[in-house]
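Take a look at the structure set out below.
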Amino acid sequence: MMPGLENGKILDNRQVAGDWYVMDVAAPATARQCQPGQFLHIRPADNYDPLLRRPLSIYDVLPDSGLISLLYRVVGRGTSLLAKFAADEFINIMGPLGRGWSMPASAENLLLVGGGIGVAPLMYLARVARQRECRVRLLFGASEAAQLSGAARFEKIGVDVKRASMDGSLGYPGRVTDLLNDEIATDYARVYTCGPAPMMALVARWASTSGVWGEVSLEEHMACGVGACLGCVCQLDPFQPGYVKVCKDGPVFNVDQVRWMQQTPAGEVTGSE
Amino acid sequence: MMPGLENGKILDNRQVAGDWYVMDVAAPATARQCQPGQFLHIRPADNYDPLLRRPLSIYDVLPDSGLISLLYRVVGRGTSLLAKFAADEFINIMGPLGRGWSMPASAENLLLVGGGIGVAPLMYLARVARQRECRVRLLFGASEAAQLSGAARFEKIGVDVKRASMDGSLGYPGRVTDLLNDEIATDYARVYTCGPAPMMALVARWASTSGVWGEVSLEEHMACGVGACLGCVCQLDPFQPGYVKVCKDGPVFNVDQVRWMQQTPAGEVTGSE
Amino acid sequence: MNNGHHPSPNLAVDLGGIKMNNPVAVASGTFGYGREYEDYLDIAAVGAVIVKGTTLEARLGNPPPRIIETPAGMLNAIGLENPGVEVFLHDHLPYLRDKGVTVIANLAGNSIEDYAAVSACLEGHAGIAGIELNISCPNVKKGGLQFGTDPWMVQQVVAAVKKETSLPVMPKLSPNVTNIVEIAHAAREGGADALSMINTLMGMAIDVEHRRPVLTNIFGGLSGPAIKPVALRMIYQVHREMDIPILGGGGIMNARDALEFILAGASAVSIGTGNFVNPRAAFDVLKGIQDYMQVYGVQRIADLVGKAVLR
Amino acid sequence: MNNGHHPSPNLAVDLGGIKMNNPVAVASGTFGYGREYEDYLDIAAVGAVIVKGTTLEARLGNPPPRIIETPAGMLNAIGLENPGVEVFLHDHLPYLRDKGVTVIANLAGNSIEDYAAVSACLEGHAGIAGIELNISCPNVKKGGLQFGTDPWMVQQVVAAVKKETSLPVMPKLSPNVTNIVEIAHAAREGGADALSMINTLMGMAIDVEHRRPVLTNIFGGLSGPAIKPVALRMIYQVHREMDIPILGGGGIMNARDALEFILAGASAVSIGTGNFVNPRAAFDVLKGIQDYMQVYGVQRIADLVGKAVLR
């Protein structure tokens, strides 16, 4: 796997729900290298405002067509600029970067738990897992129904999706982690999760207590994205000194590596929202 | 005349020749106030790159339709960004600013000499002069034929245009100031000029020696545009200490105020190209 | 008086005796004498207008080019062009006074005597709320060493001015120093009523085509958003060490920036380069501060001063 | 040998004994140990790779958040996280040496003894072209006063390191000082073979929603285009006063920026934050410098050093 630098050609950039967007980029050299759970480091502007790149998970990839999809939420200056890109424009992407999900080599039963935009790194994971004939269930929680529209993309490749919405407009009304109560841990070989930190903490607890192997995907502000600047570190366990680099050692970590705290003050483990 | 701040709506922004563009902006509050020879201070981006506004002459105005036209050449970051604006987008304009041309109150014979993009502040001057039933002749010099296409706009309102191009592709082959040799100074009450400094110096000399009242329009890098920062000053006469503010005391000055030097090193009088 | 459930927040600031109706001032040299911006906002509603730096005698300033844009900032080398204190007092001050503008005079000089003399000239002229001392000027008697870079000179110049004036005196600290807290202490020793922080960082730019410095003066003062982190740091450092009102500025473009300064320890803020980008900046920033106070239920602006703390 | 009419320009630089094939280095702390960028460019073709700051013992660094973006720049408070000099020598250096990378070690400490000891460890290890001394560290014996802000301490630390090493020594000056020329003189007195200029400006940022400093360390180092004017000014000031090779950096993003530094007086340049934005920056900058030299017929890079003059 050789990450690189590529000017991807935007094929489509559409609003999918509220402040959520999907961007499809033709970036064949990059697409070939992508592994589920890795991320791209994207330059949102060709100037100094903003200066730094922005990390975005690889949402989906069609390696043969050289196509990468990104699912992102507009939260600040960089993502606002991303939303303004039009088809046929070019965007500078660096990657793929980081250590993605540990993939099952053969058919296994997988449980995916995505909270909000944290569903982004789960789609390509699901696609590759389905190619390996895994049975995949996704528990997908979001604040409102529109955000859950992406569930169809999962269902299309044969993922069994259970929906939850905080406003109760679609699926189970409430937190996606409540859906774990209906799951039988022994049904699953692996659980993968990405979402807000408190959500991931609950999933991690469920996995640990029920002995299911699991992975989480973390977030930190990044500069280099390649492990050079030591800017994106995170202390996985507040009782053990030392830091990991989210960009290089992660973003994916095993649930057992992370000790979740009740609170997540600055500097402790936080996850995708 | 009350200058202001307005988000003008772009009606059109088209390439007219090489790196020359014309932008039409609907900015009724501003349009009403514009006088020939004044300028607008434009924010080329809604961020800090670039940070400062860019001064552009008022090329043309249709006060009744609230329309302002700008003629600009892409030379750097700010003007490149201007060229990217599309119809229906908004652009933040401040103005009109500065002291424009002294206009004849009634019918007079006027000679306009425009060099390159320096023709920009002459169009609205011509329009207002024609409304006052002046006879107007424009000597319009540029490097190539395409840039002279704007001459039609002058001719449409009855201006007699003589063309010169450096590459000889249209009109007189060579410098526009050579055309002055064919002009009889006593035919004119006033001469107005804008263009590269050496060109303006020649026009100024012609005006002074032949006793024709004349004005020139100068340029300097600007920050505030309103006379507050003292950043845009210029020493009109290298033998007389003291500076004028191009943004507030100018950009238009009487030919007699300016002592032109053979060379124009940093800090001395320079004009539009 | 507002008797509702959400009383309008109290915005008044007492900056060491300089009374401002609100915490948003405009910085010296960026707002002329106020009139220049009259078409864009009500200059009497601005917290304070700090007028262009004034010296005893008129100054021509530096030859152009005097300004150049830099990443998220600009360099200026105006060279203190100004018509001298008498012209300020007779041509500009009466106008501002009649308009009801809160005026802070910004004074400069090249010797302690200069500062003392120009300060003395203000005595007896109504309509000046206070003095901001620009101490980023070379002291000709000390071989051109800037006043603001030496604690002893800072103390001396502030003390000399305090002796000549009944107005509150606010030296404007230069950021081009190793230890800003030491300079701040010296200023207070000299009798400073408040501190203005920060003046520009000294910088330069080079024209690679012509292989020469862009500015005729070679060096210029860096202002604008680029310097905001440095300004915030210095204000935070000083505020945590001593109890003196601070007028904070350096790169403020919007209300969020201004709030950063206030939370770092500034009692009021000044906008400089921001006026060039948005001539209504002072108005917009004040509005944004008010909105923030309403949203977070902050009663008095003073309740935010220095409230940035690690938890 | 190129015998044509336009011989390729001579790009080699001798930075006080540090031999570089070309003038474009990458700055400490922004390029890891080189390997991290291997997928993006040929790290052996980079003028010099200045590796992450190394201390005698391993350091954990500061708690996050450690970085935050600012206008045209960023703040970092990494806190010198590094595995210690032994790990550097055994895990990283051999790899770089085998690859033929020009390596400059960047050393840090909190006492003169620290610096001396870590420098001594490098002796006998092939593959290190020189030492860059990070003197922007607190001296614990002097109450945390930064080495780089006191001329006497600068001289002492450089002299102590010179005694322990046969390698060229290049202290990296802190810009957070009143008089950079005085510091540069002290460094040379101590025996510096070259100077690296500049390290980051000390700054901070505040989170207005949570009313706290953004960085857990409160203060951080400001880097990126925002600081370029300050870096250029300091290099120009030092170069015009003394004859010592300078490695210039601070905000270099492209060849034009690099040329500004060279014209201001830098013999070579370093790219830091620019690597994050463009991982091929070192390559692109070098290419742009070569193009400039061809266009203007400049034979040797040395012919451009310090050539910015007012005419």
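First chain written, first letter: the chains are A, B, C and D, and each begins at residue 1.
The rule is short, and it goes like this: a residue touches a chain if its C-beta (ideal position, glycine included) is under 8 Å from a C-beta of that chain, and two chains touch if they have at least 3 such contacts.
In this text, all values refer to a predicted model and were calculated from it rather than measured experimentally.
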item	value
Chain located farthest away, centre of chain D as origin (C-alpha)	B
Chain B and chain C, separation of their C-alpha mean positions in angstrom	36
Averaged-CA centre spacing for the pair chain C and chain A, given as whole angstrom	47
Touching two or more other chains - residue numbers and ranges from chain D	71-73, 212, 216, 224-225, 311
Interface hub residues of chain B, defined as touching at least two other chains	48-49
Chain-level touch network, classified as line, ring, star, complete or other	complete
Residues of chain C defined as touching chain D within the complex	70-73, 75, 149, 176-179, 201-208, 211-213, 216, 218-220, 222, 224-230, 232-233, 236, 251, 256, 259-260, 263-264, 292, 304, 307-311
Contacting residues of chain B [partner chain A, same complex]	45, 47-49, 77
Residue ranges of chain B in contact with chain D within the complex	48-49, 265
Footprint of chain D on chain A - complex, ascending	2-5, 43, 48-53, 94, 220-235, 241-243, 248, 266-267
Residues of chain D defined as touching chain A within the complex	29-32, 36-37, 39-40, 52, 60-61, 63-69, 71-74, 76, 78, 81, 212, 216, 224-225, 253, 273, 275-280
